[in-house]
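For reference, the structure I am asking about is given below.
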Amino acid sequence: MFLDYLYAAGFAIAGFIFLLLALWVGALVQPKDPSGRKLTTYECGEIPVGQPWSQFNIRFYVFALSFVIFDIETIFLVPWAVVFKDVGVVGYVEMAVFVSVLLLGLAYAWRKGALKWAL
Amino acid sequence: MNWSELLSAPLAFKMLAAAAVVFAIGAVALKNVFHCALSLAAMFFALSGVFVLLDADFLAVVQILVYVGAIVVLMIFAIVLTERITSASVRQTNYLVIPGVLLCIALLAGLVSVIRASSWPSLESGPQQDTIKIIGRQLLSTHVEAFEVASVLLLAALVGAVFLGKEITRK
Amino acid sequence: MLELVLIALVKSVVVLVALLLMVAYLTLMERVVIARIQVRVGPNRVGPFGLLQPIADGIKLLLKEDVIPAQADKYLYVLAPALSFGAAFATFAVIPFGDTVVLWGRRISLGIADVNVGLLYVFAISSLGVYGIVFGAWASNSKYPLLGGLRSAAQMVSYELCLVFSVVGVLMLSDSTSLADVVAGQAKVWYAVLQPVGFLVFLMASFAEVNRLPFDLPEAENELVGGFHTEYSSMKFAMFFLGEYGSMITTSAMITTLYLGGWRGPFFPPVVWFLIKVVAFLFFFIWVRGTLPRFRYDQLMKFGWKVLLPVSIANILVTGLVLAWTS
């Protein structure tokens, strides 16, 4: 099993070697002239105005926070799912309680309009 | 385990552990907050490699899935959403740096002494094959109370998230 | 020992090259199919039937100047496309693309690695794709990439949830997270038949996960220019595209493995069946792009959180009830 992880890591390393190779070959043959306006950021051909950062919608954060919570729930669901056939009805009820508590949370978020994307 | 695994495991373990320490230091010492978050993610990645070497494959994947894939992403959201603080590099330390370091050293010394003093059960039967099934069964039998309480904890966090979003948008 | 290393090395290189070639010809296939859908001819000048077009594109990208904006965060700017590419390709390591074959007296399993927690490995590694996009957006230090990157990140994490929740139904049937076991479990009947709802949710969520139309908000070119890769040029731009098309291929391979019996099929060798199914899904991806308009961002989030997520959770509960009833 440990060997399989080694293979997977080896595959990733092979990918990175290809990447470095491509960048290196590119650097050999590309023209290099970092000058003038091409070093500014893109703004439809105009000179960029103001700061690149602008005020973002706070909903992004609420969604990210909800994502973390449900992601942790999936971590509990996966070990349950693979042993489901062994644990039977008792396991099902235990998980149903677990999931319904979180569904309650989802319903609350829904009701309070946290899942609505509006300003 | 065959001989090749035995040979390569301890060296890889040391390298991953060292990488984890270096990245952990980076996470608290780098000047750019975004780089700190990246360093933290790299630290979790190295830690998950350590878990793989310890035959705890489920834990290793969960480490990446939850910490790298969710929690550090949440931190990055927070960094991007707050006003641009990366262009000005931030000093991560204040006048409490020396007491902090001392406290950390004391904590480390305490942990090391406890680890050395306690006797560890050694597993005779060799590595477990399907850790995820063992975890699943234990979750639903031995640790079922903790498992159900975890859902309430997650519910509390979700309610908190909803409330936070509502408070801010109202202002 | 040396033999093991050699086999692993050869397998890795062959799979990597095959994936890169597939990505190259996927771009050609996309252009031709989209052209036909829109009653155009499509690329047909470079080589016979335009078959050398992807090579010409690659050489052109290689020869372009690599501009790094002056205010960019140099390290993250270089790291971002690498992460995007790496996340897409490394995922493929655990997907079995054929049965064990005997070559020169050695049994070789077709698949880089058979990991016990293969399915979770796929989600863990592909969740790193978010980093590529956010880093690229942040490092460019520019308006459009930042907008696109944040949108993209929120979209990808939301739909990743739907993916994982819909897969739990498959896990309940297969009793294992190893993808080899998932394929073995579909010897009699495909999981797409036993898990129709989970299959549909997974299919729809994967469109959002790989940022394809109708969910291609991150790079909605008429409002965000190019999204997170606006400031990228030359090979780094190519890396982002290799990553994006690579993740299309790995996603198709995942759908095939999880719901359509993987490499199983009559008459043809397993690898051929695997390729047929994957290419069929890639064609479907392109077909959908040629057919559907783009969602609005609020519709996208609403669809993910208020439709797909509850449906996939309900799917788990119903699957559990049926399984408990029948056993």
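In this document, chain identifiers A, B and C correspond to the written order of the chains, with residue numbering beginning at 1 in each.
We take it that contacts are C-beta pairs under 8 Å (C-beta built on N, C-alpha and C of every residue); 3 or more make two chains touch, one makes a residue touch a chain.
Computed from a predicted model, the values in this text were never measured in an experiment.
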Query raised in the report: Is the way these chains touch best called a line, a ring, a star, complete, or other?
Result: complete
**Report entry** Closest chain to the centre of mass proxy, which here is the mean CA position
**Finding:** A
Report summary line: Between chain A and chain B, the Cα-mean centres are separated in Å by 17
Report task. Give, as an integer number of Å, the spacing between the C-alpha centres of chain C and chain A. Result -> 14
Report task. Mind checking the centre-to-centre distance between chain B and chain C? Centres are C-alpha means, answer in whole Å. Result -> 27
Report task. Find every residue in chain C that makes contact with two or more other chains and list them. Result -> 4, 115-116, 120-121, 146, 150, 153-154, 157, 160, 176-177
Query raised in the report: When you check chain B against every other chain, which residues touch at least two of them?
Result: 4, 57-58, 62, 65, 69-70, 73, 77, 80, 129, 132
**Report entry** Sequence positions of chain A contacting 2 or more other chains
**Finding:** 1, 3, 5-6, 52-53, 56, 60, 64, 66-67, 71, 78, 81-83, 95, 99, 106
Query raised in the report: Mind pulling up the chain B residues that touch chain C in the complex?
Result: 4, 32, 34-35, 38, 41, 57-58, 60-62, 64-65, 68-70, 73, 76-77, 80, 86, 129-132
Query raised in the report: Which residues of chain C touch chain A in the complex?
Result: 4, 8-9, 11-13, 15-16, 20, 62-71, 82, 85-86, 89-90, 92-94, 112-116, 120-121, 140-144, 146-147, 150, 153-154, 157-158, 160-161, 164-165, 168-169, 171-172, 174-177, 225, 230-231, 234-236, 238-239, 297-298, 301-302, 305-306, 309-310, 313, 316-317, 320-321, 323-324, 327
Report task. Could you please specify the touching residues of chain B with respect to chain A in the complex? Result -> 1, 4-5, 8-9, 52-53, 55, 57-58, 62, 65-66, 69-71, 73-74, 77-78, 80-81, 83-84, 127, 129, 132-133, 135-137, 139-140, 144, 147-148, 150-152, 154-155, 157-159, 161-162, 164-166, 168-169
**Report entry** chain B-facing residues of chain C, complex
**Finding:** 1, 4, 73, 75-76, 79, 115-117, 120-121, 123-125, 127-128, 130-131, 134-135, 138, 146, 149-150, 153-154, 157, 160, 176-177
Query raised in the report: For chain A, which residues count as touching chain B in their complex?
Result: 1-3, 5-6, 51-53, 56, 58-62, 64-69, 71-73, 75-76, 78-83, 86-87, 90-91, 94-95, 97-99, 101-102, 104-106, 108-109, 112-114
